[in-house]
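Look for chain A in each of the two complexes below; its partner is chain B in the first and chain C in the second.
What follows is the complex of A and B.
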């Protein structure tokens, strides 16, 4: 099977699990859609992101370690993080009004749960062992967060596979994003693991 | 007398949620630790009845802390609470001596049932 098809299958399955986990943790329906799975040139893409302007965001960045190492980023606008924090601690949306340590911890933990769901799918459904690192909270402008993420996840050849998803928290209409950088060096390994599994 | 629980998790939000769940069910929070190293230190000092332990934490991991606490007190009751829902992690925790293994995100009832089970309290 072509590597892109394999990735789509694995990622869609992972994202479904992540969506279920997020719905459970905030007790509100969420829909996550995979927007792009593509090979990108790191330099060009970083330039595009920098052009998006200065939006203050919160990010929860994790490394996935094991058979198929990759980088994970959960991204949300600060004002939307307040609402997610309220949902998480069962407050009415609008209660949180400032960016405190508590809200940051919520975003960090949501990143942890989402990343964990992805790792669990890889492991359970595809027998690819992966586990998440301690989440790192990024509180910065969009461009800086992406720059950090890309630098951390980029392969030596300046080419990465990027999975971009958008998700909608239904009741309160907030949008968040989730990115996964897969190191191309791991693809041969992934194909081998999946072929072995298929036999 | 209220049974005392030590919560070990690097995320403030998880410690807060667990604290809320446990105190609303009649348990007392003996203390909170944010990594495995602190967990051992607090366990020795506070001697809680039960410990809830995250796995992936900075400095010393939950599995290592679990082993360290059990080396100090082989009767310690430790419930692992983690996002990792994988056979390898589960086996590692059980082999190290975990009393139970709960996957995040969890249901309140699952946490309370695990604590009651550790303490030998009847489930209602």
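What follows is the complex of A and C.
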């Protein structure tokens, strides 16, 4: 099977698990969909991002360490983060009105849970070791968060594998985004691993 | 048909050219160059007489010599390439250029290495070597930068996240005071 298709399957499976974990935590149904799994040119892709770069966002950024290192970013608009925080601490949506310590912790924790679910699926399916780092919180322009994310995940690479997903928290209609950067070197290593397994 | 998308296309300002991560854009008057910076460095270069400007989004200080790289990503190779293009395509010598440097924030406090600072040092080194005058330097901090460079007027608008917008002018006289 083509590597891209295998990746799509594993990513979809891991996103499903992430979605289930998140639904349990916030006790509200979430639906996560994989938008793109593709090789992108960093400069061209970020040029498009810069077009809407002025929005204030909250991001939870993690590194996936181990046999198959990659970078993970969970993104949400600040006003939507307030609602997610209310769901997390069992308040009625609309209670949180400012970006406080609890909201920041909520976003960090959700990033941690989602990244952990993805790492679990990858390590089980590919029989490799992977573990997430401590989540870092970024509160800034969308453009600046992405600039940092790319620098962290692919400073020296110009071509990367990008997995983009969007998810919807059903009851309150919050839209969040989730990105995973895999550098091409790691992707080639994964391909080798799969070929070995196939034999 | 998605009306939201159509509206979005019509509302988009076509005079704005966005500069992606590890890229640079050179433009004549009539356009504004725009980017957002985190730990990366933004360098504006301007040829006042010809009204040609460039905005670079630099990721790392120096290009490794051992492999083929994207020159726009590194301070040394990107600046050399832009200066070369100014000379070749627009007949502007390096010593007729003025520069402003922004960005290089340390958004992640846990990091020991300060890439932003290194980028700024390397960029200044290359600019000085090529006798390009640096009119303004606003580097560091913990928050991202929004940079908009109007090539027609030579005005650079810089806004650090959560702070007031500041305007700088790409001429010796104007650079001493910010525009209101």
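Convention: the second predicted complex is superposed on the first by the 194 of 199 C-alpha atoms of A that agree within 3 Å, B and C clash if a C-alpha of one lies under 4 Å from a C-alpha of the other, contacts with A are read in each partner's own complex, and residues count from 1 in each chain.
Here, a residue touches a chain if its C-beta (ideal position, glycine included) is under 8 Å from a C-beta of that chain, and two chains touch if they have at least 3 such contacts.
If you're wondering where the values come from, they're calculated on a predicted model, not measured in any experiment.
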Combined model on chain A where chain B meets chain C, clash or fit: fit
First (chain B), second (chain C), both or neither touched by A:24: first
Touched partner set for A:70, first chain B, second chain C, both or neither: neither
Degrees between the directions from chain A toward chain B and toward chain C, using C-alpha centres, nearest 10: 120
Partner chain in contact with A:141 - chain B first, chain C second, else both or neither: second
Contacts of A:165 with chain B and chain C, given as first, second, both or neither: neither
Partner chain(s) touched by A:14 [first = chain B, second = chain C, both, neither]: neither
Chain B versus chain C as contact partner of A:44, first or second or both or neither: second
Chain C versus chain B - closest C-alpha approach in the superposed model, Å: 9
For the chain A and chain C complex, residues of the former touching the latter: 42-51, 53-54, 56, 61, 136, 138, 140-148, 150-152, 155-156, 158
Contact footprint of chain B on chain A as seen in their complex: 21, 24-25, 85, 88-89, 101-102, 105-106, 108-109, 112-113, 115-117, 119-120, 123-124, 129, 131-134
Footprint of chain A on chain C - complex, ascending: 12, 18-23, 34-40, 57, 59-60, 64, 69-70, 72-73, 105, 107-108, 110, 115, 143-146, 161
Contact footprint of chain A on chain B as seen in their complex: 10-14, 16-17, 56-58, 82-89, 104-105
